[in-house]
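Common to both upcoming complexes is chain A, partnered first by chain B, then by chain C.
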Partner chain A sequence: MLDVRSILSILASNIKATGLPVPAPREALYSWSEGLSIPKDGDTLLYTGGLYQLLPYIEVYSSQLAKLEDKRSGGLLLRAAGRFSSLSRIAGAIVRPSKREVEESKRILQSIVRLLDAAGVRVAYRREVDGYSGVLLYDMGLDDDFKKHFAQVARSLAQTGARTIVTVDPHTTHVLRSVARRLGLLPELEVKTYLELLAENIDNINFKKGRAGTAAIHDSCLYARRENVIAQPRLLLERAGYQILEPRRSGRLTYCCGGPIESIAPKLSSRIALARIGELADTGAERIATMCPICLANLKRASRTAGGPPVVDLSLLLAERLEA
Partner chain B sequence: MSGPNTIDRLRTWISETAGRCIYCGFCESVCPTRPLGPHRGYGPRGRVAMARLVAEGVTPLSNTVVESVYTCLLCAACETKCPVGLPIADIIRAARRLYTLEAGFSAREEKGRVPAIARR
Partner chain C sequence: MRLTLEEVLEQVYRGLEDPEFQEALRRAVSNAEGKHLEKLRSHPYLSALARQVREAKEEVINNIDTYVRKTMESLRRVKATPYLAETASEAREIVYRIVGGEGPVVMSKSMVAEEVGLRDYLSSRGVEIWETDLGQLLVQLEHGKPMHTTAPAIHLTVDRAARLVRDRLGVDLPPKPRPEDIVAAVRVFLREKFVRAKAGISGANAIAADTGAVVLVENEGNIRLVTGLPEKHIVIAGIDKILPNLDIALAEALVQAAYAGLYPPTYIDVIAGPSNTADIEHHRVYGAHGPRELHVVLVDNGRLNAARDPDLRDQLRCIRCGRCQWECPVWQQTANLWGGPVYGGPMGVLWTAITLGKEAGAGLAMLCLNCGRCDAVCPVEIPLSRLIRNLKKYYAEK
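After this line comes the complex of A and B, so read on.
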């Protein structure tokens, strides 16, 4: 277990300084869209929330934190870093994410746009508006910091003139659709996940014929228990030709990947991920489908450790079944 | 943004809401951290009890309490089993909010004593 006060200080400082929870260059958020012809204006705006793009950076950052948990001097170092936020500065200078992971996160977002296009859903995207929702501030109880950060997000979104915001991960979806609405921070806009839009327009999507293999489905806690996104991923996988294998705990009764406490208690987090990967591997599926970047990272790591099946984002599974 | 009234309101809300817990423990069977944690503070029943005791001023916000509320995943699996329908994840988040207020996170910002990186 790491020092909570220090972790919170570092998190709040990072977001205040850069708008992002971990040190990463701003272009990391939108470089996936370069070369794609996505309009800047439209009724339906894609807001990624940045989690997929930040994942490779979060991976490096988390592994640095995990090392501190093991060291006797780690607590002292972290407390000093939290006090002066120097860890952020040091980390900002040395974070070098894996190129393969950066490319994978780009492919995920590009696949989502391709799928929406195949479903006949035209989305707009503005790199200057895209950013981090501030969800970790809210989860950690830093409400004042969250409200300040999100006010800026809400202003930017409102200025685009879009009526519907399309999200790509459960954490951003939950903040925009449920938390911000409850707090009165985003009253006018409709928020939908790309999974809901794809499911609504599924008859437009031209998937390849034939079987695609087996996939165990790992429901995100927020999608399943807070946002009622349970049927849509199943419908999409089935139509794409996959045989879905349900783990012992699925749907509304899904089991967490352990990811939300990765920065506070890395060892406990990885033990939970290992327990979950065991349940998913027990289905005998060829691949494990996730629909959240945090689940993807945590379960992928656990599957590597346990020698389990590959863990793949749902968007990639669906996109590889699109007719060319 | 936040002042003493916020803390009082938060304490009252936690006390009243967590006070509805009947300590049946059904929630513990589905909590991912409970079987892997070192003590009962790593399960929903323990977390709710601690949040209530802290809110009512019976227990201080000790390291054990902070550890307990910050190792919660907020996954809300516990809520699927709660017979009284407690918003357990909201109670835990409120306890975290109480901690950040008591620990002076908001006050520190208001006084401008933000860490160096925030002033870059």
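After this line comes the complex of A and C, so read on.
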């Protein structure tokens, strides 16, 4: 059985020490942008929040935690590590993410930039400003740590002079647009997801003609229920030529992938993921479209276990339909 | 009884590894999930009623002391005897004194009775006591806890239910019993208890402050017998069940039934005082065919404090329809194994925090996905996932 308080203290001490929830090199955040010519200044600033980039590291980290869950000594090791804040060092040496996953996360972010460009939306990007939003701290109830961490995020965003922040995942979007605003932590910055920007400018996008196959859509809970991002992914997929198949539970009543409790209760989390992948597969779709890195990782794993269809990030599905 | 998160996880994992539990749960969920949506579509006035109930609940929470006082006055006016129990043990003692150690006592399902541990307490004092709601009787027989607010035995397959009834009640059932066989056997078994019962204990779906009328909604018909046959009827209910007027109390019963997924409800009972007649010389006599005494035990047990606590007050609007449970991805795997020693699911985490303290709810909150599905279906718009996330603070900061 995992010792949850230890997980929390490991999480908090990782973020305090490095700004990141898991031991990962800082360049993991921005290496996707190398070789791309994105301006550093502009009204519209891309802030990735780091979730896509960190997920391959989080994956390895939590699978190590899951293994510990089954070992009697695991709790002890974790407790000790938590107490001495040393697991980050222990784990720093052993977190080696899958190369394929790292490459995929880079392709996702590169696709998002390509799509925005195709839609005529000019974004700026600053690797020194990009970072982790601290969403896990907030989700786990570590409010003081979150506020401290986010104050820095807000300061560096404000210093760029941008007026609109473009986000790429639902968790970062929710933290920036709803949580930070409610807590009075973010100055008057407009926050938009790339999906909203693409949908607003859809007539500019030149998609390939013809059919692209079928895709079952997995709405993100935060997008669908908190941020009202439901119509946009559908509009985009449809214009890109996909036939959209809706699972039994979709839109406002979409179903969680189980991801948020993965580090606390891995077995329970994976049961939920399996239930969800089952109904997504039941649509008979060739591929499953997700729009959140946590959903992507969790459902991909579940689909492998259940022998379901491939789970693909929405941005990749859209980008492969762009005219060259 | 408080459980640590680690103890809860152990229970939850036992449930995950129990194929019979999982199978029963899967069947029940597939029948119940989304059920309220059909009802709302075919009876559009229900959404408007739900909004009215929400507002009325707010009014009561904002003025809780006034409404408790007013309710007690109204109860006295209709010749009922009101009590205000500050704690669970006070509530148990009050009921024991009313019962006077005399059994048998029949009960209709009440989560507040579970909350204060009433059945076990009366039983430990030597009172013969029987649950009469079928699901709740099964829970009594297995010495377990209700696994859903309105459907307490959803974790039992027909085979497991049959085993319980056979082994614990000594009732004959056919070799491969169907649900119908169990229902029929229990009906026969309980009939004699109803007739001999000295007191009947029920909960309340709503209590109208203006009239002292207690409103109960049900389908089995057991509430009619529990509240109608014995000489004494004892109502045990949280003060959160108070609504300003009888019209809105009736609306609450309709909304509760619809969101529980059973609409129209088979029965709605309104009980305003003991049974009475004035048929002879227009002289009012109390105790006609129904009970001669009506006792109403209003239970605080943390609710008054919660009404003043921004982290918990919204939860007092809860009408216990159990909709958040049916729709919650975690609950669909665990039933009420997650949520607390009595309550379960999203609403359970918060009721545990109200009745046992925030720390008791805080560990449980850590298993919430914060996916917000519960918020999207709650008839009285309780921001459950936000309240649960706020409880995580108490866990994390300790």
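Observations
Rule of thumb we're sticking to: the second predicted complex is superposed on the first by the 323 of 324 C-alpha atoms of A that agree within 3 Å, B and C clash if a C-alpha of one lies under 4 Å from a C-alpha of the other, contacts with A are read in each partner's own complex, and residues count from 1 in each chain.
Note that in this section a residue touches a chain if its C-beta (ideal position, glycine included) is under 8 Å from a C-beta of that chain, and two chains touch if they have at least 3 such contacts.
Bear in mind that the values here come from a model prediction, so they are computed numbers and not experimental data.
Overlaying the two complexes via chain A brings chain B and chain C into a clash.
Applying the stated contact rule after C-alpha superposition, one finds that A:K147 touches chain B and leaves chain C untouched. Look at A:K16: by the touch rule set out above, it reaches chain B but stays clear of chain C.
When both complexes are overlaid on chain A, the residue A:P310 reaches neither chain B nor chain C. Looking at the shared chain after the overlay, A:P25 reaches neither chain B nor chain C. In the superposed model, more residues of chain A are touched by B than by the other of chain B and chain C.
By the touch criterion defined above, A:G258 reaches both chain B and chain C. Within chain A, the residues touched by chain B in the first complex and by chain C in the second are 1, 4-5, 8, 139-144, 221, 225-226, 252-256, 258, 260-261, 264-265, 268, 271-272, 275-276. Chain A makes touch with chain B in their complex at residues 1, 4-5, 8-9, 12-14, 16-17, 83-86, 88-89, 138-145, 147, 221, 225-226, 249, 252-256, 258, 260-261, 264-265, 268, 271-272, 275-276. Taken together, the chain B residues at the contact with chain A in this complex read 1-2, 30, 32-33, 36-37, 66-67, 70-77, 79-80, 93-100, 103, 105-106, 109, 114-118, 120. Considering their complex, residues 1-5, 8, 139-144, 221-222, 225-226, 252-256, 258-261, 264-265, 267-268, 271-272, 275-276 of chain A touch chain C. On chain C, the positions that touch chain A within their shared complex are 5-6, 9-10, 12-13, 16, 34, 327, 329-330, 332-334, 362-363, 365-373, 375-377, 389-398.
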